[in-house]
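You will see two complexes here that share chain A, one where it goes with chain B and one where it goes with chain C.
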Partner chain A sequence: MTYKHEGVGEAPLRIDGDIKVLGKAEYVQDLEYANLLEAAVLTSPYASAKILAIDVSGVWQVEGVKAVVTGRDVDGLYGTTVQDRPVLARDRVRYAGEPVAAVAAINKAAAMLALTKIRVEYEETIAVFDPEEAAGMKEDKKTVPLLHENLMDYEREITAMPVAGSNICSHFKLRKGDVEKAFSEADFVLEEEYEVPRNHHCCIEPYGVVAQMEREGTLHIWTCNQSPYVLQRNLAALFGLSWNQVRVTIPTLGGGFGSKIYPSLEPLVVALAQKTDHRPVRLLLSREEEFLRITNHGCKIKIKSGVKEGKVTARQMAAYWDTGAYADCGPLVARNSGFTFAGPYKIDNVKLDAYSVYTNLPVATAFRGYGIPHVTWAYELHTDRLAEKAGIDPLQFRLDNVIQTGDISHTGEEMQAVGMKGCLEAVAEAAGWQPGQRPAPVDLGNGRYRSLGVACSWKGSMRHYGSSATVRIMEEGSVEVNVSNVDMGQGSSTIFAQMVAEETGIPLSKIRVQHPDTFITPYDRTTSASRGTFHAGTAVMEAAKDAWRQIQEYGAQVFGCRPEEVKSSEGKVLNPKTGEGLSIGKLINQAVMGGIDIIGKGHSRMKGGTGLDKETGQGANPTSFWMYAADIAEVETDTRTGELKVLKIYAASDVGKAINPVNCRQQIEGGVTMGLGIGLMEEMLFDEKGRLLNGNFHDYKIPTAVDVPEIIPLLVEVPHPLGPYGAKGLGEAPVGPAAPAVANAVYQVTGIAVRRSPLRPENLKLSWQKGKEAELRD
Partner chain B sequence: MIEQRGKGYEYCRPGSWEELAAILCKAEAGVMFLAGGTDLAVDLRTGKKSCAHLVDLKGLTELQGIAETAAEEGKKGEICIGSLTSIHQLEINPLLQEKAAALPEAACQLGSRQVRNRATLGGNLANASPTADTAAPLLVLDAFLELWSPSGSRHIPVEDLWQKAGKTFLAADEIIRQITLPLAPGRGTAFMKLGPRQAMDIAIINAAASLELEDGRISQVRIALGGAGERPLRMKQAEAFLLGKEATAEHFAQAGVLAAQESSPRSSRRASREYRLATIPVLTERVLLKALSRLS
Partner chain C sequence: MEHKEANSRKIKLLVNNVAREDTVPVDLRLADYLRDWLNLKSVKEGCGVGDCGACTVLLDGKAVVSCIIMAVEADGSSIVTLEGLAAEGKMSDLQEAFLAKGAVQCGFCTPGMIMTAAGLLAENPQPTAEEIKRAVAGNLCRCTGYQKIIEAVLYTAEIRNQKD
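Our next item is the complex of A and B:
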């Protein structure tokens, strides 16, 4: 075998690529279990109703039914930031689609039939769907029904800051400088409102869970969850088990994008499994059910900025996040997008309020970017309006205003390793846009024009959570990497293997990265916030260094040299005196007569995180690292029909250091595609009763291959002093700028601002018509 | 979250016309015909449609195929298409591409490749969607249909097939057997579609046109729109306006305005009446320009 190093900075094929391409990868639904029962869930048809009675006795008429549960069978509440959520609805339902009862039977057909035998008596109550209205902030609708009367009594994390007597489960505030004074001194002030409706993650793998109460007293869950340890601890608390009794196994996972970070249906399946005499219970969702399980937030944003001499001097914003019937991570989304809310700009006077608000809609959760796509939509369209009013080219305006290394952020952080300007310069050069000289739209005839638009964004990872890893080198020279970061398709397992190859010189083909399993792989908080490479990567790198140090020590002993003189070459350990290579197995044999594994340990412990002040949002070190991204979109706008054809997206991301450049480009391409979907066509539609109208891929449109333009990914590398090899995260930042860049290109052609996404042809055409009529009237 | 399933039905797959006739004579009511099933199978599963007897026509293999009958003295040439011919077959057929371009042009924009492999021309017509992609091309190609029932056959122009959205004039025991396209050698035809994405979408509006010129003036013109009313429609005022005029962009634009005037689109979740009315003139104008560009 020829030796291939494939360490850091190289671009090997993904280590899990072949098993996926060949269809050998096993997802939750592919695993086989003895005596498996299938579950089905009965859900509420009402967005808001009292449950007067439930009669489940009918299910036993159906042959093969083994268990049935309702809210009365399961005590306790759970939730990511606020423990407000029952496993099954008890005395009331808060959204159409909320689980009310569940059945386990010998097959799915029996379970489905049994559901039809359950009688539920509801009394419909008044529902509220608009987050601004639900927050009690609409002038004409001050009285609103409360979703959680006992909001203040719930257990909650410090990040949730509820407002008593309201539907606001968290209110994040940021105060810096004096916005009123700056507004009064500005050359001009512009105030606008933007809106991004709910959309969906659309993972290729719908949710699947198997739970079994094993005879030896352990609870074993196989699930497609991004955070095995969060789930372990939540389930342990709910069901009165210790952490080491809960085993969470994550098989190959088919896309997460945030929708699988937090516990969702696992508690319900465990509740069933407790009643099946140790038989495993499986719940596999249909695509229609998956649409209702969890969604992205919808958001309304008010933004007001003051500009003086071409610089943004003040910004005031309010965001109303529609978090749905239960808080889930809503307060964290409000906070994490909140402290980056004003955009990647140096602004000295900032006042931000972000409200996470309960509504009678399905539960909203994390979505790739954690609110950043929404706020970027608002502040980047707004930035182009500001530039226009100031009479400055929008690219130049950004270059004049973006935050740079050494600047003080909105929370009071002294910024380091900032690649924002570098990203803008990279896309400008690639697209041929000289700062200050934006190309004019090209008339293509018959109402069609081609133009360029720019947008940029930043995202703080926020997580100072730790990660641990072990690297086990076996005598034959093969390696097992144990880490609980979940590879959902983003390629993290390949990144970890490359790091181990880098540190040990062992070829990539000999390195295997384990699937996460809380009985095997060590602690990692979550696979979220683009933190995998930075945090879990640091742990893996440290573990590999630790293992290599042990080999060096054996080498020193065998070769009679100092440990640091021992180097690796082509997978072998070099004797510095003779230059001869020895295999790891022979080295161990000579050193200690063999029979052992080398186990390296590593941790990512981030020190110095400050959090954010509850009243002012100030904090000098709120995030372990920042990410920066900028896009230029080349768009063909059909002004007669409203159709858009995105021709090209130049997309730059500051990755710190590309561990695997091809993988980085793929992440950018995926992020841009997702951002375009949100910006151009995706929207969950609900009727006036809060029932989802388009919960399937026929009616909910995502881009097809032909809708995705040519994407030109550009890597900017401003190394992070604490990141492994200088790397930052990457996964989320590319989602934000794509849609605003397109919208800004379209605005250049029409001059009429469309402030609500998605930019569907109909929305555009009718907005332009109305805009034109308004112009004619003026 | 619960999948509502339709009531049970009896499935049968006759292998001959005699067998089909026998089944239809015996069945009292609630017969539905299954062709490609790309709409019907979904609707039966969700319970949107239900039937007592599901009669699968795929056993009648002679319903598939595309053939040309050459012109003879006193008789124009024609292309005959079996009603169970798949949309994909229309898409790739060289004969149609050469002599009736609007139809393969529409076929290649219908659904996904997988859908086009199963869906059939007859099924697309009998499903009676106001935006069926093959409807507008057949209208401008002057297609006529051969219908069959146990009591005999009859021929109707394709225009007379539809009553309103989801409803045809077919008798309960009647099926479409064949679609015939009379050939007109000097004709240019085209199809266009407006939808929120560039593939795998149902049209908001679709349009087809057919055009012939004589001495620089329009000697024959057909314009048809889907989504402009409760069934696919010919735009006869717009056609009358163009007849005898020069084929200019300006005239086509005026024809577009007339087409919007004779349209009565509805608002649906896919698009509002307002948006449809705003885009009908544009699509009409552009599809005429495209048909003109196809004239040799």
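Our next item is the complex of A and C:
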């Protein structure tokens, strides 16, 4: 085999690509077990109700039933930021779809039949669905039912800042400068409201879990989860086990996008497994159930800005995040989108309030971008209105206002390696939009126009959390990389392998990256916040360097030279004196008579991270790195029907350093498509009782091949001083600007501002009508 | 395999060119027959109601969703799954193109997507990008944005046509 260097900056084929195109990749639904039991879950039909009685005795009439659980069988509460969630509902239900009882049986049909034998007596109570109303902030509706009367008694993380006696599970504040003064001195002030409804991740793989209490006392769980160690620790706490007794194994994931980040139904399956004789219990959700398991947040945003001499001088915003019946990571979404909330602009006076609010809807969780698509929708549509009022081209207005290296952010951080301007310039050049000279809409006849719109966005990752990795080089020269970052399709395992190839010179074909398994692969906090390449990547790079250093030491010993003189060449270790290459196996053999593996260890440990002040949101280093993205959309609008055709999206992302450029483009193309989906097409619809109306793919439409425009991905590289090889993260940033860029292109033609996403033809026409009415009334 | 229930029927069919004879329950879905009885795990279940295309296989050369077809309905037909595209474990040109063009990310939609593309190319060896888009419009992918999938199919067609 000829040697091929496939290190950093190159674009080798995905290392897991062959098994995937051959149909051999194993997802949870493909795993086989002996004595498997299938689970089925009975859920609440009410959004808010008391449970008066549950009678499960009927399930035993069904042949093959082996276990049944209700909320009374499982103690304890769990949750990511606030421990507010029972494994199954106890005395009350808080959303339609909440698990109330579960059964395990020898097959799915028996389990489903058994559910029909369970009798639950409910007493319906008043529900609340609108987050602003639930927060008690609507003037006309000040008294609202409380979802969690004991909110202040729950265990919680410091990032959750609940408000006593309310449904607000967290209130994030940011205060900088003096907005009132700046508003009074501004040339003009503009105040608007925006809304993004709930939408869904829609991984094509539905959620699945298998749990088994093993005879040796360990709990083994196979699940499609993005954060094996968070799950391990939650399960250990809930079921009274030590961390080293909980084994979380992650097979191939069929997408994640945030929906698989935190524990959701895993505890319920463990509760069932505990009631069996060490049998594996499997829960595979139907698509309908998956829609209710977890969703994206809905959000209402109020935004007010002051502009003076073409510069945004003040911004005040409030966001009401609908986190659903349990907090999950809602407080963190409010916080992490909170400190980026005012947009990638240098603004000296900022006042932000972000409320994470309980409602009687399904639990909302992380979604690719962690709130950024919502806030970008608001501040980027708003930015175009500001530019218009200021009489400045919207691209120029952005270039004049965006944050740059050396500027101080809204939280007081001195920004480094900022690629925001670079992204705007890249899309502008590609689309042929000269700053200051926005192309006029092209009249295509019959009321149709073609126009361009621009939008940009930034995204902080999260505060630094550790990652560890080991790289084991075996004597034959093959390598195993142990890291708990989950490859859910973003291609992280290929990136890690490239890093190892870069550091050791070992060809990619000899490098295998393990599936995460808490009994095997070392700690990593989460696969989220676009942190994989940056953090887990740093750990892998360090581990590979450590392994290579050991090889150099053996080389020095065998060749009689200094360690740093030992180089790799075509997968072999080069004798600097003779220029001859020695295989790693032979080298180890000559040095220590063989029989060992070389194990390199690496950690990503970063210093200097800060929290954010509880009252002011100030903190000099709240995130380990930032990402930047900008899009220009070319759109055809039919002003008679409101129909839109997105023709092209030019999409730039500042990736720091493209470890694998093809992979980067995949992230951009996929991210833009997702952004267009949630911004132009998708919306979860609930009836007046809080019941989901469109929990399936025929009523909830995600983009198909015919819906997607041409996407032109552009890579901007402003290297990060702490990132591996200069890399930043990438996964989330491309989702934000796509739909706002489209909306801004449409606005240029129609002049009618749309506030609520998704921007569907019927919504555009509605706004249009409203706009006309307003005009008539004025 | 025998399944002793009143509501069972014998079916005879070709699966990936191997002749099969099985007595199956009448309510057994083709997807389950392929996955559970024949262990052809490339057939994925993304929705179970015909909306996502993850379970697509070829039935007498045509791409169909196997989750809403009963196994008994496939009696007398020839079924090809993704496993059947790779003769003796060697990737077909279409699979190679998906890999080479970066059309695979999480891979969950991939088997169904490739089968739909295989069905299209059998019927229409020189499809345009528009025709490919329409053909795979029933196969949902949440990762890729489809662009590289379309490229992979176009590329396969081009290579095949060069060979002819």
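Note that in this section the second predicted complex is superposed on the first by the 774 of 778 C-alpha atoms of A that agree within 3 Å, B and C clash if a C-alpha of one lies under 4 Å from a C-alpha of the other, contacts with A are read in each partner's own complex, and residues count from 1 in each chain.
Here is the rule we use: contacts are C-beta pairs under 8 Å (C-beta built on N, C-alpha and C of every residue); 3 or more make two chains touch, one makes a residue touch a chain.
Just so you know, these numbers come straight off a predicted model, no measurement behind them.
K.L.:
In the superposed model built on chain A, check whether chain B and chain C fit or clash.
P.N.:
fit
K.L.:
Is A:184 touching anything from chain B or chain C once the two structures are fitted on A? First, second, both or neither.
P.N.:
Neither partner.
K.L.:
Contacts for A:704 in the overlay, against chain B (first) and chain C (second): which applies, first, second, both or neither?
P.N.:
After superposing on A, A:704 lies in contact with both chain B and chain C.
K.L.:
Regarding the shared-chain residue A:404, is it in contact with chain B (first), chain C (second), both, or neither?
P.N.:
The answer is neither, since A:404 touches no partner chain.
K.L.:
Based on the superposed arrangement, let me know which partner A:244 touches: chain B (first), chain C (second), both, or neither?
P.N.:
A:244 contacts neither chain B nor chain C.
K.L.:
Does chain C touch more residues of chain A than chain B does, or is it the other way round?
P.N.:
C
K.L.:
Nearest 10 degrees is fine: what angle do the Cα centroids of chain B and chain C make about that of chain A?
P.N.:
Result: 40 degrees at the vertex chain A.
K.L.:
Name the contact category of A:670: first (chain B only), second (chain C only), both, or neither.
P.N.:
A:670: touches chain C, not chain B.
K.L.:
With the two structures laid over each other on chain A, which partner does A:107 touch: chain B (first), chain C (second), both, or neither?
P.N.:
neither
K.L.:
Taking the superposition on A as described, I'd like to know which of chain B and chain C A:286 touches: first, second, both or neither.
P.N.:
both
K.L.:
What is the contact status of A:616 with respect to chain B (first) and chain C (second): first, second, both, or neither?
P.N.:
Touch partners of A:616: none, neither chain B nor chain C.
K.L.:
Does chain B (first) or chain C (second) touch A:685, or do both, or does neither?
P.N.:
Touch status of A:685: first partner only.
K.L.:
Note down the smallest distance between any C-alpha of chain B and any C-alpha of chain C in the overlay, whole angstrom.
P.N.:
Checking C-alpha atoms only, chain B sits 5 Å from chain C at its nearest point.
K.L.:
Overlap the chain B and chain C contact sets on chain A and report the shared residues.
P.N.:
Shared contact residues on chain A (touching chain B in one complex, chain C in the other): 286, 698, 703-706.
K.L.:
In the complex, go through chain A and note every residue touching chain B.
P.N.:
It comes out as residues 40-43, 97, 112, 115-116, 286, 288-289, 292, 446-447, 640-643, 645, 680-681, 685, 693-694, 698-699, 701, 703-707, 760-762, 765-766, 769.
K.L.:
Quick check: in the complex, which residue numbers of chain A touch chain C?
P.N.:
13-14, 16-27, 29-30, 201-206, 252-255, 257, 286-287, 488-491, 662-663, 665-666, 669-670, 672-674, 696-698, 702-706, 708, 710-711
K.L.:
Of all residues in chain C, which touch chain A in the complex?
P.N.:
Touch list, chain C to chain A: 40-42, 44-49, 51-52, 54, 81-83, 86, 89, 91, 95-96, 98-100, 102, 104-111, 114, 132-134, 136-150.
K.L.:
Of all residues in chain B, which touch chain A in the complex?
P.N.:
Residues of chain B touching chain A: 1-3, 42, 194, 196-201, 204, 269, 271-272, 274-275, 278-279, 282-283, 286.
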